[in-house]
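You will see two complexes here that share chain A, one where it goes with chain B and one where it goes with chain C.
== the complex of A and B ==
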């Protein structure tokens, strides 16, 4: 019997933060009706909780390397193997919590001004983060399902959080319907896998599935398809990408950032965990499917992004395209070369920085322009040169050009595709980067070279979003200039696979 | 005629398909919600039947079903709140009329 609550410490701290923040809604309430101070205090408490969680996660990593017995290969499982804390899950948890911290930073002022129940907003954000953390260390179907549902249900509420806004409610409803449909598919697939093997634990499942070789049992094929469909909605891969543009556009902008970054990272964590269970024979069949889906996802994302006029919608398609690039990393995983998963981890790290910078700028500019249409951003570079510069740097990085981290990440992904014998995939990926350059550069052009018609007055940015912008700019530069320690960390994280 | 595993599986598959069909075609938001619940019921029957016939003696499938019931209750709560909010904003719950963002 193994009930080690120690491995839950980060989750428990975050859960406590969520509880404190909800009650803080009343505790910090001021009598004179001015809620600015209350909202700020609640935001600080959330940041504090998230930072403590991050510190504990990092200390797990440090401690595991300090002990000679672990030899850098930590694998602690608890509750009868349903929850596993290994190097991969710690890496994923660190980037999930880090991205949540950045999301809180960029949403500080937006939340203060536009959201009524600030405590509940932050509490739901913390709970969604816990869901993502559970997904990254789930080693068993029930935990996996609970993690996905925890992040999904809280995201539905977050999307519909602007209660009086029609678009926000609509995005909540759409996300809810698509999310429930996908979780039904996922569960049906899980039930069939359970029926085939009688196992719920992924490790036992992998052992039991060893004997299924081609030609495959029809039930097994249906089970694989349904489960993959259920998970790929979370990363917004084609053909389960339809919800993304509408949901991203309608949701409050900080929530859009959360969905584009944290939720996607959690989806990839779950995907990697799930792909481990197949034997090599089945994997070789899955590779073809994944390669085709990857190409279709990145192409649809990039081509449809060209015609968008709304920035949040454009970023939805951009995030779909990035899911396509990242899916290239699954191919070496399915070939059994687990070390190459580090390309996904590295790219996700770069992905956080470039998206946070972009969303920080979108939130800052749209506060004064009053809309997220691309044309409303015309000429903002003259008024706010720093944020325009950060936004441009992040866009160039998203397109995959040097000297930014996006280039390094894409380079490693494509190299791993070539090494796995899928040169055409790397070629299509590079071609797609060129297409994406078109619509990313168009935003830069609007910001720098178009005159704004009315007299647009931009106020000073607040400290929190300025910090986030600086961190993201420094982050993408560091990931380009000195990538090796980060790649080393990512490779070490894959040793436990 | 005795009831075998296959009878349960066919019942579950039919329920699941009715649920998916309902989610995809219903116009009324509450009907979508009911269809989701039907699909989950199909999955639950599947799990309990498998647990009973494939791994008799353990309760893994039944436990999973309990979790599914709990989570889908939470989901239904959230869904009803969102639908209520939709009705307040749009004065309708017709799925086809709630598409401000189509282009």
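== the complex of A and C ==
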């Protein structure tokens, strides 16, 4: 039976959540115009839906051990091979949904105060998450494309959600234009691949492409380039990174967090899926390209981040740089050492925690400073020591210094680079970490060393963002102190590749 | 305490006691100088614990051919996927540095008794840093060592950046970037070692001498040089020293004391432990026959050491800021460590290790008294000072004694260490050593001249009514000066521990 709807359970739950939330926007409408309670309820429903989804995904993970048949012997593909549920996709879905939960937590108050149609906002967030989940499960080009489109289109709307803010509209429109271009490139590449082989399924495609590798077919090369360009837009790798700073700056801050974290994870899931279709002949040629792109991406991201004065722009460049570090992990994959993909998975896990902590602090501080300029954060450390501490810890972790998870993740990536024979790449990565230290520490410096403005009053943080901050702090510490179980999970996730 | 028992947790306790103290500081109120008192309590406890460890330490008999004398070993698997473990232990080299750290920490906490700006954060950071420094001196796992090395950066960055002088932000950032840039080199070398051998464990690496047996000697030399450069930045070695004067001048007194007294030693410790320990092949003289005369690493060390000694001394002569004089004198004195190592013989390395200890004590004293002067006059400009000895006779007397220690007068511990350094280096590089020995004159010149310009001569009238040193400062001075004198008059106290450690290193080099 090829129509196993069981594998869709998490997506279906999340889709239902999205519907309920949109419905709730209308159903909970209060008479007296005070929307606080309604907004909070909608937020809770979203959170509940996401948590149930996460629980189901974790149960998949647990069930898949020991039990041989139900939900696949670690690998279940359904709908004629278009949708695959294996360890890798479950791992990716778990971190995608987890990051979405954290994003909802940090955006609770922001959404309550600044967003008019709360139900729509959360519904779109859920839909975007579903898109990311599809990307990590796609085993065939159409599904793959649909997943990318689902996350992209919802993201365009989310970026423009601050309806009275010009920058937000600009951000949405820019993202739309650039995103459409990248979709077009991707689709063009796919159509060429389909034209060459007549196959849609990645596995069949990989087999059918064998005969175009020696000698390398020109159309095949064009198809590869187009497709890679399309996906590179998604992870904001140089030279397809130009959209990121403007879009990140204009978007509502929770959406920025979503783009920087969830969307990026989904992009990497898609990238890994796609790189699988190449045989060793082609991938050995791709390695040098990926290595160069990785170096350029991290260097440009880090160097341009130095001159930024706005935190959201800075985090855009920082996320570009991190895409560069993460691309190091593709090299062992292209060499056929699939187990080393665990470096990417582990780093992405750490990446969630450190970014969530940082964005929780940005959202909290900017509520009171009224701006996301770095200088507006002067001296906040004295008024809000805990958030300043979490922010600093996350920044240090992003820079790759101990004792935080970012260090372990980076170390693990560099070890795999050296293992693959790319010592110079690890060296460039290490030097880049030093560059990044400069601008990350500059934020800490502003928070701690500068005197604060007298009139700045910081209110109490809300419970949700406080929870998120504590989780992220604990998360980066645990990932440093006891990384083994997480690495173990990441390695197990790669066995299905 | 049985030093040979495995996993006795004694050393682990010592390493993490300061962190425990820092947690107390975070969660207890700030009133009544409570952070100060907690920090002092914990630094005293750690001092006595490290003293107990030192007294229970059993040095090897000097004629044994052993290459390890590690005791109080704690070892647990940490991340099996990269084959790394939490592995700490001490030998003669480590315990000397651990003792120095504990001692300097007490002095530093007492010297910061008047800190009133965010004392909670201040002592929290200071104690976290203490843990990191203990970790650096005791780690036997390269991964753990790297973590501890980097862990020390962030607290020091804050300590300079928040509590420092007017240009503190610049100095703190410079310190951070220089050291972490150097750290990148170390990281890559360590990963390369791991890739070639499959382990981060120091004992395994040295024991089987398999660190780089399957690598060409050229690559070994490259790896050694990278590692050496990383430690050279911390040492600091000319021309990578420029962060030091800035950091020293801007740092608060207590942090200057720690920086010069302990943190610089991390560089020379790393060179001896990892540079010499992991790359004995690179230091062999046969290398010159293989690769040409430029590959004589010992000679390079001697040249760089001499350069450090003389350059530091000349710059110290030219400074107009009291603290800068001491900062450059640190550069000069750390050059002795390099020179001692360059001898590659027992007396040279003995001298280098002892010099690490003596410089720690003496330079701490010097910075202490710069702090004393600065606290009272609020200037470090030498030209504005003078004749303070009349107003502060006790301080003046102490400073004369310290200056004598600084110029290595017989009876002070610096005499022993510098003598050993010259003795060892002379056997291998007679001309360079003779050249470097001229620094004895320059050293005397800048130290005594500084003394004369600050404490003697006519006193500007605005310094009338300055109080003499208080009880805390006197205690600090007496404590350190006693140690300087005792180890100077009876060096065997330390040499009995250091000498076997040196023998181990020689044995490793001879393999």
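Rule of thumb we're sticking to: the second predicted complex is superposed on the first by the 486 of 497 C-alpha atoms of A that agree within 3 Å, B and C clash if a C-alpha of one lies under 4 Å from a C-alpha of the other, contacts with A are read in each partner's own complex, and residues count from 1 in each chain.
The rule we apply is simple: contacts are C-beta pairs under 8 Å (C-beta built on N, C-alpha and C of every residue); 3 or more make two chains touch, one makes a residue touch a chain.
The model shown is predicted, which means the values in this text are computed figures rather than measured ones.
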Chain B versus chain C as contact partner of A:414, first or second or both or neither: second
Partner chain(s) touched by A:426 [first = chain B, second = chain C, both, neither]: second
First (chain B), second (chain C), both or neither touched by A:225: neither
Contacts of A:445 with chain B and chain C, given as first, second, both or neither: second
Chain B versus chain C as contact partner of A:116, first or second or both or neither: neither
Between chain B and chain C, more extensive residue contact with chain A: B
Partner chain(s) touched by A:289 [first = chain B, second = chain C, both, neither]: neither
Overlap of the chain B and chain C footprints on chain A, listed as residue numbers: none
Interfacial residue positions of chain A with respect to chain C in the complex: 382, 396, 401-403, 407-408, 411-412, 414-415, 418-419, 423, 426-427, 430-431, 433-434, 437-438, 441, 445, 448-449, 483-484, 487-488, 491
Residue ranges of chain A in contact with chain B within the complex: 141-142, 145-146, 149, 153, 156-157, 160, 163-167, 169-173, 176-177, 180-181, 184-185, 187-188, 190-192, 194-195, 198, 200, 245-246, 249-250, 313
Complex interface listing, chain B residues touching chain A: 9, 12, 16, 19-20, 23-24, 29, 32, 36, 39-40, 42-43, 46-47, 50-51, 54-55, 60-61, 63-64, 67-68, 71, 74-75, 78-79, 81-83, 85-86, 88-90, 95, 98-102
Footprint of chain A on chain C - complex, ascending: 78-82, 118, 143, 146-147, 150-151, 153-154, 157-158, 161-162, 168-169, 172-173, 176-177, 180-181, 183-184, 187-188, 191-192, 194-195
